[in-house]
Each structure stands twice: as C-alpha cells, then as structure tokens.
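The two complexes that follow have subunit A in common; it is paired with subunit B in the first and with subunit C in the second.
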Partner chain A sequence: MPDVHILVNEFVNQLKKRKIEGSQATAKQTAELLRSVISQQRVPQTNQATALINAVRAVGEKLIAANPVELAVGNIARRVLHIIREEDLSLATAAIADLELSAVSDDEDDVERDDYPVLSAAAVAAAARSTLRPPSLQTLLEDAPISAAIPHTSSSGGDSEGKSRSVDKGSRGRKLKHDVIEAVNELIQDISTCYEQIAEQAVEHIHQNEVILTLGSSKTVLEFLCAAKEKKRSFKVFVAEGAPRYQGHLLAKELAARGLQTTVITDSAVFAMISRVNMVIVGAHAVMANGGVIAPVGLNMVALAAQRHAVPFVVLAGSHKLCPLYPHNPEVLLNELRSPSELLDFGEFSDCMDSASGGGSLHVVNPTFDYVPPKLVSLFITDTGGHNPSYMYRLIADYYSADDLVVKRRPVTGS
Partner chain B sequence: MDIRRASHPVIDPKVRRVGFFDQPEPESPHLPDTPPPDPVSSVIMPPPRLLSERTAAVPVPESRFRRHELDDQVPIGSYNPAQCVFRASPTASITSSSVGIIDGEFSEDCSGAGWFRGSELSFPDGGLDLPAVKPHEVLAENRYDDAVNVNNLRRVTEKKHETVKEVSPDTPSVSQPLKAKTTKAERRALQEAQRAAKAASKANGNSAVAESGKASPAKSKKQSSQKKDGPPVTSSVTIYKKSGNHPLEKERKKDPPPQRMQFDDQNRVEKAKRRALVNQTEARNRVEIFRHLPQYEHGNQLPNLESRLFQLDSMHPAVFKVGLRYIAGDISGVNARCTEMLRALQDAIIDYSTPPEKVLIRDLTAKINSYVSFISECRPLSISMGNAIRFVKSRIAKLPLSYTDTEAKTALCSDIDRFINEKIIIADKVIVGHAITKIRDGDVLLTYGLSCVVEMILLSAHDLGKKFRVVVVDSRPKFESQALLARLIAKGLSCMYTHINAVSYIMHEVTRVFLGASAVMSNGTVLSKIGTACIAMVAHEFRVPVLICCEAFKFHERVLLDSICCNELGDPDAVATVPGRMDINYLDNWTNKENLQLLNLMYDVTPSDYISVIVTDHGMIPPTSVPVIVREYGQEHYIT
Partner chain C sequence: MGAPKKSSARVSEDHDELVRVPLQAILIADSFTTKFRPITLERPKVLLPLVNAPMINYTLTWLESAGVEEVFVFCCAHSKQVINYLEKSEWFNQPNFTVTTIESQNSVSAGDALRVIYERNVIHGDFVLVSGDTVSNMSLTQALLEHKERKKKDSNAVMTMVIKRSKTNPAIHQSRLGTDEIFMAIDPDTKQLLYYEDKADYSKGTLHLENSLLADNPSLSLHHDKQDCYIDICSPEVLSLFTDNFDYQHLRRHFVKGLLVDDIMGYKIFVHEICSDYAARIDNFRSYDTVSKDIIHRWTYPLVPDVMNFGNTTTKLERQGIYRASEISQSQSAVVGPFSVIGFGTKIGNNTKILNSVVGEGCKIGSNVHIEGCYIWDNVTIEDGCKLRYGIVCDGVTMKSGSALEPGVVLSFKVVVGKEFVVPTYSQVSLLQQPIEEDSDEELEYADSTSAITSTLDKSDGESDSELSDTHFNPASELGFGGVGYIWPKCEGGHEEEWRHSVAPITEDKILEAVKALEDELELILDGNTLPPSGELKPNSIDSDEDDNDDLRDDFDKEVEETFLRAVHENIQENHLTLEVNSLKLSYNKIAADCAGALFYAMMKYAVDMPHSSAERLTQNVQAVLTKWKKVLTSYLNDMDEQIEVILKFEEMCLESAKEYAPLFTQILHYMYNEDIIEEDAILSWEDEKKEADESDKVFVKQAQTFIQWLKEAPEEDDDKED
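Entry: the complex of A and B
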C-alpha cells in the first residue's frame, strides 16, 4: 500500500509539472500505475468490485486533478473502471451459469450460453465489436444497464477463465483481480500498438502522387505516412512547423530520413499552400464525444483553410484519446497556457513595462491546444477503422461505462 | 467571337471612356460624345456607398468586359474590344493579367530581372506593346520594317493606318472589316506594322516626341469598334492625336516580348544571368511548384557586390546603396521600400546630366530602367514599387522638350517629392482619419505583421483618448511585430502578444481586425504578408470585421487567385532555425537531404470575401469596388 501511494504521488507530481509529454505516454503510464494500484489493493470477501472501483476512482481523481487538460489520464481511469465492472459482471454471470449448469467444457459453453439472454447479449455485443459492425438494436437495449459492452478481448478472457474455474468465493476474489490485471495489461498493449493498427489503414487513404499537409509532430502521423511509403506509394508532404514548439521540424527530419519528399513551411503559409494539397492528416490530443478535437494549437486554422478549399481533414487518434465528455467552451476550459518565454525572450520587454506610469501593459498568450469543431473534421481514423465525427459518441460508448463519466463527485476536468 | 462583338455595339461607352482615359489635357470635353464631367482630375471622390453604386451603374456590357478580363484570359488575346480596353490607357496599359506592366516598361534591359513581370503569356502580342526606350530608334525601326515585310497585307494595313493617323474620318471603315476578318496572328502583325508605321512617320520629322507604342493598337481598335457609331470616329482620331503628342516613351521593342520572368524557363534565366549585375547562386533543394519564382542563396552576394562598388560605374551610388540594403533586408515594409527607392532615384536624377547627342527623356528613362533592373535583381519589386516606377517614367516621358536639364531635373524631383508626399504620407493621414472612426471604446483590435498605417491608426486613436486593447499577432520567421509591440507599449497601449497559431484562441475577444496590405488586386484580393489570409479567414469565421488599410497607389489592375503564381521566396534558412531557441536544431544541414525542402513564402493572397472593408485614401470601400478605384484613379498618378 505505501509504495502505491509513493508511486501515485510521484506520478501526480510529474503530471503537475507537465513532465510527461504526449497523450500516449501519459495513457500508458496511467494504465501501469492503475495496474499496480489494483494489484496492491486488498480485496474483501464481498463486494470486491466495489472496493477495486473505489480504489481506482480515488487514484483517478487525484491524477485528473493533477492535470485536468490531459484528458488521456481520465480516459484511462475510466477505462480501467469499466474493465473492473465488466469483469465483475462476467464473473457474476459465469457464476450463475455454473450454478445452473453442471460443469461444461469451454468449447461447448459459448453455444450453451446462448440460451441465457444476458449472456447471449454480451456475447453478441462482443462479436459485434470484434467485427466492427454496429451493434443491433437488441444488443443496445439489453446492454443498457451495463451501458456498454466490454472490450472483447478482456471479456472473452474473463469468460473463459470464469468458466474454467469452479465458483468458490475465495478464489473468485483473486480471480477478479487477476482478470482485471490481465485486461489492463491488454489495454496497455493496445495503447502502445495503436499507431500500428492505424498505420495499417494508410494505404486505403493515400494514393500515388498525393500531396499531404500536416502540422506539428505526431508519432501516429509519422507511422501512418511511413506505412504508406513502405507500400511503395510516392507522395509529397508539407509539414507546417507548428510554432511555438516547432515539432514539425522533427517530423520533417524523420520523414525525409525515411525517403519521403518533404517540404517544411511556416504556419502562416498554410492558407497559401492548402490549395495545392489533397489531404490534411493530423494527430490529435483528444477526441471529444461530440466529434470535436482537442488538437495542437494552430489546427483550427488549418481545418478552416481545408474547409475553404474542400480538402479532406483527417484526424488520426488512438482509442485512448477518445474522451467520453462533451466539451463546453473547450478553447478556454480544455486549454492550457504555456510559458511566454517560448514567444518572447525573458526581459526583452521588461524595460518597456517598467514605464508603468505610461500604463502600457503586455500579456503574452501562448495556448497549447486548439479546438476543432466536428463540422470541420472529415474523418477520424482510429485503431478500429475510420469513423465520421457524428459517430464518435457511439464508439466512445463501447469503451466507457456511463457510471464512470464523472470520476469524482465534483465535475471532472472542468467541463 | 466576331459575332459576339458585332452583337454588342455596347463597346461604345467603353470606348468613350477609353477616350477619356486618353485625355491628359482638359481638351477632352469638346469631344462630341464624351460625358462632360470627364477629366479625371475633376472627379470627386464619392463616398464609398456612392462608389459602389457607380460600379453597379456601369452599363452591363462593361461588366462583361471586366469579367472577360478576369476570367478567361486566353480568348482575350483574340478578343479585340477587350484588348482595346487594355491598350486604352496609354500609360497604364491595363492588362489585367499583368503586374508586369510595371516592368514591361523598364524591362528592356532587365528583361531577365523583373520578377513581378506581367504574365503576358496570354497576350502574345501584348508584349510587343510594352516598349521601352530605344536610344537608337532608327535601328529598331529597321528591324520592325523587316518584320513587317513578312506580309504584304500588313504593309497595306500599315499604310491604311498611317492614313488614319493623317486624320481621315473614313479610313476606319476600311480598317474595320479588315480587322474583323483578321486572325490573331494577323492582328499581331498589324500591330507591329502600325508601330513601325508610326516610327516611320515620327522619324520623318514628326518632332522628336516619342509616341506611345500602345496608343497605336489602341487607336486602331478604338476606331474599328467605334466604327459602329459614326460620329465618334473623329473624336477617336483626336484622341489618337493627343496620345500621339503625349510624349510617352513607348517605343519600338526588341524582339522578345517582355513576359513576366518565369524562372523555370531555362533559356531566359540564362540570358538574364548573363546580364545581371548581381550574381546570385541558385538555392538548393528548391520546392517544385515554385520553380517559376527566383530562389537564391541569401547572404553570400553582399560582400561580392560591395567589393564591386567601384567597378559598377553605371550604377548610381544611391541606387547601389538601396539595392544593397534590400539584399541585406534592412528595409522592409512596402512603403519604406518604395520611399527609399524613390529617394534613390531622385538622387540619381539630381546627379544626372544628359550626355551630348542624347535626349534627356530617352537617356534618362534608359538609366532609370537599368537602375530599376538592378534593384529588382537585389530583391523582386513589389507591386506598389512598380506603380511608383511607372509614375516616375511617365513623368520623365512627359517632360516638355523645351526644358533644360536643370529644369527637367527640378521638375522630376518635385514630382517625386509630390508622389511620396501625396500618395504615401498624406494618404496615410487620410487613412488614419477614416479608420479611426471605426474604433470605439472597449474595442479589442487585432493586428498582424508590421504595417505602419495600422500603427499610426492605433497610436492616434490612443492619443484621442479611446480606450481599447490591441492584440499583436506575430509569425515566423521574422517576428516583425515585436518592433510594433515595443512601440505600442512604449506609448502606453495595453497589448496582448501571441503567435499566428493561437489566433483562433484569441479571436473570441477581438472586435476588429486591422491589417496592412502589400497590394490590392482589382478582383478585390489582397496581396499581403504571409499569414494575413489566415488571420482574415479566422476573423471571418468568428464574424469579426476585417479592415484592410492600404494606400491607393498599391492598387493594381492585375488579378490574382492564389498565392502560388505571384509571390516571392525568402531565405529558406530562416525557416530552419528559430532565433533564441537553441533546442530547435533538427533541420541543421537540411540542404544535404535531397528530399527535404524548406519554403519561406513572403506573401499570400486573401480572398475578397474575407474582407469587410478596404480603407484607402479615397475612402472606405468594399473589395468589390477596387476596380473602380483602379479605373478612376489609377491613371491619376501618371497623367496628372
């Protein structure tokens, strides 16, 4: 227990100091931390799930408060909560099944269980998700109390485990924890490989001689473009440098090193160049439930220019970036102002300011994020395929349970 | 095409206006069909609303022409009435597609150099009409005669037109059917012929006054079109006479029509290089779609040029200095560049003395041409500079022959002073007066880049005691706005500073956007510092009014649709490094990577629908009224 506290505090500190960059790294570390929280959590005989949920929720609350604009933290906390609920549910149903049925082998189990409405619903939902087809109305209705289906990997794992073991109270406690940890491991795995799954779809979207514009740097975008390049597509990339962090330089260097025809442009040249661009492909910081995107600063401008010239605006986002919240005034509330030193050298204007008698004042505004409204986004490409902005709410419902949307009693993340 | 033309006798109003354009002197009113209040000088600037009404009131066919000019340029080449419109103003040579006019005139010696050269491509014959001064005029004549010999028919037409010039009211009837049948090539030949004819007639002792090369095709077409209504014929002839007297140095041309320099044209680049004084080295890793623009390595030619100061005796030191300062980037901002250039030319004119056996008008124009070509080698001319050069040259061309050197020089210097004073300094004051009425207490004004007019507006609004805040938006690579910011803060304004990416964040609280411009095109688009379009777009999206503050001398007849065709490339190395940020060094040695390019565009084009109003010295106008200003006042600089 104490070491978990230390771990949590350390992570909270890092978040507060903004030492962790990028939603993927944050998501991964959050998941790892929550995994250790779960493994260290002592579970009582009854109500184990509630105990776990409370523990995770307490930690999640702290983490979210540490950096409310890093939505990935909240996303992961919610997903872990969701996993716990799902595992608990599947264990419970398995228990019921075991009680009513004599022991059956794993293989027959699935077939047999189709007779039981709850079980069959879960199975259908899992099957539906695994084939990426929207769940049927029946599934939706039956799933309603659970609010969403379980990520199929975890659910199937849980199911089989549940079936293979006998339903003994004591072992079930360990069982739940074990299952949850397995599922979280898979989640971590998913997070670290999501860009590969996204990149696999690159060839479907990039054709020969295409001209692509991107802004700033994103690992997902880099992998996406390189995947298309490896498939022997030749195309050009314009990289806007993404002031004030100039990550575009890094991306351009990487792309050029991998043999892509790359041109670095200033951010101000985006409007001038976009008329010669076929597609805008960018990464995101987070995707909101309404299909809006919290993205690196400058992307709203790019999206507007793309809309003006009818250029498709494609956002790549791993599933850990899907946030179940609806944004309210996201430009301000889900934003963060960085240090002015990125724009002006310290002391450069101090002499002007000293003449305070004259009344001149200077504020330097250096926001980190932009909000791109859903109407400007043509397509989201996630690790589960391409989606319209209007469909994001449903995709999100697959990953989160409605009970967890508010992690703490006070409203989460300020929105 | 002929049918189209025949079915539109509507050209008349146009022609009439053309005539009126041609009238430098107030004699025009006696023309039978010119509307009485014609002389440009007497036109009073109507309030903006009136202005737009005026545009609307223009006869339909007029707008047809306009549209043709704007939209389909290729047909224009063979569409005479339209062309006639272009040729109509002898000085301005309104080819909608060409900025190049500017250098069309000086490009004789610098045909390799003017980057902002008019795209005469669509006017294969147009180029011939933009002559520069040829000191050895007889030679040129001969050459033209040779060219003319190609076709006897042309000879005939030439004769005819010569007779036309001799004021014979019935000739048009001859020339018109002829013209109606001519193909484009023939017409072109015809133009050449006319020019040659004029040359001949002039050489025959028609006074040493140079005729406008443009006047002749304009005239012939005017006549042909005017043919449709009988009476005006005489008037058009008078017009011709006048433009003939009108001492513009539009003279025969050398063989290559001065197109806008396209730097993907190997031959011409080679030629230009041989002529150039500034030996620029081509930048490496160039961006493919900007092959047509010059891109040189920066910073290495300065020492070289400096060392050659004493070898270039043809170059006036003042001009040389300005050129070097352009290269070094000391002077930025359109107004500053323009003023400095005019001052340098003024110095050069003061030190000028006519060599024996030469005519001041021609020799000085040639000199100016070579200066301008040097300057444009140092840095491509901006459109407003082109306008200023056009003004200077037209003033030279219009010097009375009786003037002595001293008189001429004083006249020119005072003209240049007047231009700087009226078109820049006073114009700025007028703009400030207009724009300041749009600032209210509590406003948050956003500005971008470094525009001296906008700065003046902000400062004088502050002086008036208005309470407002200013958002200064800056961008890479130069961060010019920091200078503006420092000055504003020093004057006690409360400011916010941010970079262009954050503009959507800040736009929520902004109530007005004030932007400067480098040039305003006649289709209402604004050529301005790169990034202006982004700002205007975001402002438009947030329903914030965008005010463009721009002096009228920056207006140009040319049209632009995108930022690719006509632009200027800056130093790509400026993109690779970020001043003050040592950690951004990913792009060091970028030239070694052959598939990595850096692009540093200087300008972009803001579509007119993002612009709420353009504040000029003639008042506040919507972008749709730009062609009106160009039409009504464009000639003013040159004629008055």
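Entry: the complex of A and C
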C-alpha cells in the first residue's frame, strides 16, 4: 500500500502547512483519506477489526500530530474507529446469534423448542451490545428495529449452518471492510450535507422582523440565514467584521448579494448594538464534550454581551465538529497563534520590534480562537436538531467509543 | 495561507500552457562570504540551526509551499555535508517536489555558481533565485504573475526583485538585519528598478544619480526604507547574462548594478514589494538574531517551531511565547522567560534563568546559570554558575563552572571554556586557528582561500575530533584553566565595527557615537552648503541667489576639485585651468569668492592626499602645490572678502575634513602671507570677525595669535615706508 502512504504524507504536509482551512473541508478530506486507508488495508483471517483499527489509529495519530489545532481531524478519526467497532459488533452479534442458534438447535432439538431460538438469539445480541457499548439514547430508541433485523439474518444462517460456517468466516472479513466503507461513505455524505440539514431548521428559529447578529464568516451561518430568507422570512442581519481577518466583510457581501438587509459593524461595537438584537447566531470551530465552544476570536466577548442583555446565543455546528474531549485539558485547548502581520504592518513598526538595535520591544499576539464556556451558550443546532449545551455529552456518546478518546497512546503498537 | 495553494496551482497550469516546464528554483547553499566565521569553517552556513532547525529547511519548505516543483541546490563549501544532510532528510522523496544537488568545488561567487548551472542546462523557464539562508512565507503567485505579464510585453524584463518595507535605524544607517541602508530608485508606475546602491558612502553624505536617470524618467521615487529580500524571479536570460559577463560575481553589486548601468542591452529589472508576508535573508550574526526573534514572534507563520516540526520532535507553544519540545527536565526553581525556545531532551538545573534565548537539543545546563539573549545549539554543556549574555554557542561546547560570556561572543564547535574564565566581548573562539588570508578584507566575498581547509575538514569531520583537540590542547590556555580553543585575533579595522554585526544589542554609547557622527556630518554639510546659523561669519557668502542654490554649490565644489585634479594630472596650463574654473563659475552662477574657496580646498586636499610621512613633509607638499598654482588662485583673490573666504575655508578644513592641517595652521597661513596669496588686511579682519564667535571657533585665531600680533606690529612700519 505505498500509494496510501503517499496520500497520507501529502495530507499530513498540507495540514502541517495549514493549507487546508475550515473544519468541514478538513473533516471531509480526513474521512476520504481514512476510507482509502481502510480499503487498502489487507485484513487477516482473524481479528479483522483490530487490524483495521490499528491501521486507522496509526494514520489518525499522524494526522492529529500534523495539526493538533484542527480538532475535526481527530473527530473524524475517532468517528471512523467507532464505525469499525460498531460494524464489527453487529457482525459479531450476528455470528453469536448464529452460534447460539446452532447450539440451541443442536442440543435442544429434541426438547421441541422450535419457536424460542429466534427470541433467544435476539436477546443474546441485545445483551452483547449492551455490555460492549455504553448505552446511549439513540441505541435504546433504535434497539428494537436492529434486534429485529438480526434474528432475520441469523435464522437464515441457521438453516444451512453446518457447511456455511466456514464460508461465512472467510467472507466476514470482506463483509466487515465493505460495511465499514459503506458507513464511512455515509459519514462523508453526512459531512457534506450538514449545511442543508442545519439550514432546514432555520425557519423554526428565525422569526419575522428579527435582528440577527453574527461575527466573522461561517458557511453554516450563511446557509442558515439564506434558508430562512428563502422561506420568505424578512429579518435584518448585523455582521461584526471579525478582526483581524475581517471575514465578516465577505459574509456581509454574500448576504447582501442574496438580498438580505445587512449591516456591518466593528467588533468593538457589538456591545452597543446587542440590545437591538433578537438572537446571536454564530459558527464554531469545535464543540467540546462539556458544551463549551472553540470559536473564532471575539466570540467570547459577543457571548458575554448577549448574556448581559439576555439575547439567545445560538451556535451552529455540524456533527463533525463535536469533539469528545474536555477543554480543561491543556493539550486540547490549543490555540493557533497566527502571524502578527495580520494586525500590524511590518514595515511601519519594524523599528520598535524586539531587535538588537536598541528601541523598545513590541510584541504582538494574534490568537485564532476563543473559548466560550457552556453557560453562555443557549442552544446548539446540529444536523440532528437543536440541543442544550448540557446534552452534548450524550450526543457525543452516540458518535464515539470511549476506547478511542485517546488516539495517541495505543495499547497495541502494531501494523 | 489557504488561498495560495489553489492560486499557485492555477499559475502553474497557465505556465504549463505557455512553456510546459515546472516552476524551478535555484537555491545557492553558500553565501560566499566569511561573515559567519569561525563557525562556517566547520559547517556550511545553510546547515546552521535557526531556532533549532537547519536554515535550509526554512528555505526549502517555503519553496515547496510556494508551488516550486524543482529545486537545484548549488553546493560549494562543505558540499559533502550539505548533500549528506539532504540525503538523510526527507527532501529527496517528496511527491511533487524534486531536489537536485549541483556540486562545484571551485566556484567562488554566486556568479560562478550561476555559470555552472547554465552549463548544466537544467533551467528551462522562469526560475526563482534564492540563497539557502532565506526565511520567508511569501506567496510567489502574485510576483510570478507580474513577472510573466511584464515578460510578455517586454522581453527585456529579465528579473523581478522582491523587496519589503523595513525601516532602518536612523542613527546607524542600518536595517534590523545588520545590513547597510539600501537606496533604490523605483519608477512608481512601472515598478522598474532604476538605481540600486547598498554601499552608500555616508562620510560624504551624498548620493549620485545620473542626470540621464532624471531626464529619462518623468517620475521616480527614491527609497531608503526598503529591505532587499534577496528573492529574485529570473528569466532564463539571467543565466546567459552571467555567462556573457564572466566578471559578474556578486548578484547585487555586479549583476544588478551592471544591468542598471548598461543601457546598450536594455535589460530591465523590476521590483515586487510584499506587505504582509515575511521575507528576510540571514547575512550576518545580527540578522541571525533578528530573524530568530521574528520566527519566535511568529512573523514567519506557518514557519514557526510549533507548526513546522522539522525534526521528529514536537514543540509546543506555551504562554508568553515559550516554545518547549518534549522530554525536557527542568528544575522547579529554574525560570524560563518569555520568548524562549528549549529543545528536545535538554536538562535545566536549579535556580537557572533563561531569558530570550534559544536552547538546542540535548543540552545540559547546570544550576545558577544565567542565560540571556543567547543562541545555544545542540549538546552544549554549561556547568554551574555560568553567565552567558548575547552570544552564540555552537554544538558540543563545554563551559566549565563559573565561566562567563560577555556580549557578542561566538563560540565555535566543541570549544571548552575554562573554569572562571570570562570570554571578552565580541571575541570569536574556535578550535581552529584563524586562517591567514593574503589580502582579504571586509569586501572579500570569495571563500577560496579557505577551500583547502574546508575540504580537509569535511573529511576529518567526525573521526578526527580527538586529534584536533590533541594538537590544540597546549596553546589553549587562552581560554583559562582547562579550556580548549583559540580566541581569534581581531582583524585590523575590519572588525572595528563588529558591534554592527554581532548578536549583542547595540549599546547606548555606540548609538550615541553614531548619532554624534551623524550630527557632525550634518554640521559639515550645513557649514559647507548653507548659511551658517550665526549669519555673520561669512558676510560674503550671503548672497541672494545663494539660498536657492544650496545643492548646486556642493556640486560646484566637486566640479572645481575634479577640474583641478585633472589639471594636475594632465599638466594643463594655469590659464586653461583658470578658463575652466571661470566657465564653471558662470554655469553655476557663482562669485569669485566661491571659486577661490573651492580652488583652495581642492589644492589643500590634493596636498594632503599626497603621500607624506611627517608634518614637515606635509608643509612642503602644501608649499609646492601653492607655489605651482598660485597664479590661478590669486586670480580670484582680488578682494579682501575673497581672501577671508579662503582663510575660513582653511579653518573649516582643519576642523573637519583634513585635521592634519590643524597644527600647521599658522605655519601655512604665514606661508600664504609671504607668498602674497593673502594680504594682512584679510587676516586682520578675519581675526576681527572671530572676536564675536564662540570659544570653539577661536581655536585657530588663538593659534595664530602670535602671527597676528606680529602682523599688527609690522603694518605700521610698512605703512610708514609706503607713506
């Protein structure tokens, strides 16, 4: 698999040089890369899942190291790991059900319990699932249809179990890989459609004649606002320009082009304007497990202003931005300090920079992100609907396995 | 940095359509200077660590991210080391980025390097020319586009230079990078470079622009706040130009200036100014210091230690700009100040303070050590109680307990500083003795005399360390008890201004000195050119048309001087000289006094410039010159005012430009009196004028007091006789 190697290296390079920007693009590319890693990975007869997990982990670790600040990379790596575990599990449960079924049929054939096996297989499968995986709301709700589906396959396997078992084992590896790739495809699909899914909910949140404030530029916010506009809602938008990169200017231009009444304000005018605002809608860089948000710089100030005036502070985030880590870990709460040239003109200030030829010493700090604590956030809107900050950890439990939270320290150093 | 990727790809597509060649770059991995000695005797400059990563990595990384696809690394000095390094690094197996080395042992300048590359015939299209010590994060897209557009319109536009705005220090005429102030004349509309001067002569305080430059260009802007980034986008013609003009050595001094002067071929150079991007070249220790700081302050983002992990170790940025690699063991009581970098596996002892410094990998720093503003490379051992301020400490150096570095010290590889020894300020210490160079000076840019040494070093790099230290052990008491290494003797004069190029901050008194020198210059210019502040000193020079002819006057003086020198050298007759000076007088709209002053100045200058060993000899020179050209001079000295002008001029010379005359003032004055060049009335009224002047202005009046006294007594007799 030399070509995967090249792909990985290329992606690592791009991440290192900060050439990929935006968590959506990064997430999508990461998922696509991991998909090709999986499809190229040769699986042994036994422990296919472990082999895949190790391969994905190895790559994931590299990618995370390449740009630890872009949390979406780690999120997607963990999501893929979770997918592998899930698929393995569902195959395993199917096999267990198989075995159960055959055992049942072998031993208790004479006792005439012909109507029970199906039930008991389902029960075993459910039990296996619940022991292997932390329970989550989603699974509890979805348990019924899945367990209903399993007996179906198992019963079909049960008929010709004697000779099909060996064949099954060989095909299971391929099946696992196939299933995983299918699921990763779904994930990629999800990532690319998250805008629309979030935007669909716009009408429920934006009402007639409201004033919306946002800061900087976010594609999600743009789509969200435009979706509301398309539904014939008329409202005003205040865009804080988002110094020092001034991406708010671009957003304002885009919004105006789509016929929304847009006003650009400076970041420092946010507090003055907030009393006229009905709702603050912003994008995020990442959403942490405690419901805190890592967002473009300046948003903490906006959130505090919104809280002061009791204005709802709504964060839009695709599910790929959900990060299963907690922000009190200094390794996680990374900030990217960008070049001071975004703030100052080098030539103009070169004589007071910290250089040997006398003069004072001028230091410039240009952080990229802010941390907005969960208590300042009123609502998260993800592609699965609106959620409270305190609910985030549940949502995360649906998407990630607890074993994968630390990708770096691998228990098995292999592959 | 997201956009450049896409756009650069687009550019290369366009490019492919036109010429079907990938974007190439020439990286010259040799600076052909000796500014980094003694370090560069043992390791090539491009491999010296800059914030714990070899410099060449910064250049290659930038080239790669700027969309360059093929790089030719030209290695000369220590070429084996460079090639070995590149082979071990990952640069040779990058997917869309090929690195090829070109080796040449006998190139002594950038010009030679380009000629070798031309012979190889590997460059097929426009290329980027940089040296291996360039740190930049600029996007080449815009510059390349501009270059191509211009090239399409005008095939003579062969080169685009990248410049950046950066203020120079007004006191010392130096940029932050320790290079001299550069004067550039640029056409504001077309961005064509019209004039380039990096070695302006400040002592004269003048700048020469060709008349034709002003005539041909309706507008031109003269800049001195631009920094030359030494990043050039060149057309393939540049290489053949170097081959055609085999005497071109230096890229700027010969090539750029050569093209600018040469109007037969009509080649043009343009500039591209970058604003928010960073670009700088490490030329000397001072720029090493400045660029390191810029990297630590993240101006070079994303080329900063925590983003670009050049090695395998990861570096983390902590609060207050502290970069820390992994596996550092630091005592609880040790303090690492803001804007410092600590490398992988370094140990720091108790109560040690590290401020504003870069510490490399695997260093052992003892207790109670104070390190400020230093660059400490890998595997350095610093024992307890050492004090290091503003120095560069290379790999493998050992500092025994209690030793200290004064500001500006450079310790080359594996030097051992003895116990309690204090290395004096600005000294350069190496295990190798200073190579004896025949007639090299600061201007030297050809490292040829060292090639022998360096090649032997290349071979003996690893294994013969023990030999080296054996042979050099005995005389090493230069560095105190147990010390190993030589303190290089300072060069005559060349290192007089070492403070300009060292990592040590420029001390207050140096700046004051420089400011004072500048003020003196200004005063000189003021005295010579404009009205003296007190007004009454030169009654004659207060002429209405003088005021608006300030700068012309300066030119006039020069013209007269040149005319005079020509007359001396070509044996032109006196009356012809008078004729020429007269015509100058008319064309510059001057009066006789000006001519007399200028002529006198020229003569005295000529006399003092003639070889002389003693004051007597000088006097004789003056007498000879004055006697020979007396007629010319006296033809302008009909009036007393004119004679006073001459005395004033002489006084001024003694004070400023030719101080040798100061003790001889009276003697020469007397001679001139005897020769009837100056009459006594003039001398007396000069003295009269000076009565009201400052004490400092009266030095010569006092010196001439006895002479004047004698004059005062003598006249009566004369008058009596005449009467």
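Going forward, the second predicted complex is superposed on the first by the 327 of 415 C-alpha atoms of A that agree within 3 Å, B and C clash if a C-alpha of one lies under 4 Å from a C-alpha of the other, contacts with A are read in each partner's own complex, and residues count from 1 in each chain.
The rule is simple: contacts are C-beta pairs under 8 Å (C-beta built on N, C-alpha and C of every residue); 3 or more make two chains touch, one makes a residue touch a chain.
Remember, predicted model here, so these are calculated numbers, not experimental data.
Peer 1: So, A:Ala65: does it touch subunit B (first), subunit C (second), both, or neither?
Peer 2: In the superposition, A:Ala65 touches subunit C alone.
Peer 1: A:Glu21 in the overlay: touching subunit B, subunit C, both, or neither? Say first, second, both or neither.
Peer 2: second
Peer 1: Is A:Asn366 touching the first partner subunit B, the second partner subunit C, both, or neither of them?
Peer 2: A:Asn366: touches subunit B and subunit C.
Peer 1: Thinking of the overlay built on chain A, is A:Glu10 touched by subunit B (first), by subunit C (second), by both, or by neither?
Peer 2: Touch partner of A:Glu10: subunit C, not subunit B.
Peer 1: Which holds for A:Asp345: it touches subunit B only (first), subunit C only (second), both, or neither?
Peer 2: both
Peer 1: In the superposed arrangement, does A:Val270 touch subunit B (first), subunit C (second), both or neither?
Peer 2: first
Peer 1: If we overlay the two complexes on their shared chain A, which of subunit B and subunit C does A:Ser390 touch? Say first, second, both or neither.
Peer 2: So A:Ser390 meets neither subunit B nor subunit C here.
Peer 1: Looking at subunit A, does subunit B or subunit C touch a larger number of its residues?
Peer 2: The partner making contact with more of subunit A's residues is B.
Peer 1: On subunit A, what residues does subunit B touch that subunit C touches as well?
Peer 2: 342, 345, 348, 353, 355, 358-359, 363-364, 366
Peer 1: Which residues, counting only subunit A, touch subunit B once they are in their complex?
Peer 2: These residues of subunit A touch subunit B: 241-244, 246, 249-250, 252-253, 256-257, 259-273, 275-276, 297-298, 300-301, 304-305, 308, 331-332, 335, 342-345, 348-349, 352-353, 355, 358-367, 370-371.
Peer 1: Going by the contact rule set out above, which residues of subunit C touch subunit A in the complex?
Peer 2: Spelled out, the residues of subunit C in touch with subunit A are 1-2, 4-5, 61, 65, 95, 137, 164-167, 169, 172, 174, 176, 225, 275-278, 286, 289-290, 293-294, 297-302, 307-309, 314, 317, 321, 339, 390, 503-506, 508, 511.
Peer 1: Along subunit B, where are the residues that touch subunit A in the complex?
Peer 2: Per the stated touch rule, the residues are 287, 289, 474-477, 482, 485-486, 488-506, 508, 530-531, 533-534, 537-538, 541, 562-564, 567, 575-576, 578, 580-581, 584, 586-587, 590, 593, 595-601, 603-605.
Peer 1: Touching residues of subunit A toward subunit C in the complex: what are they?
Peer 2: 6, 9-10, 14, 16-22, 65, 337-342, 345-348, 350-351, 353-359, 363-364, 366
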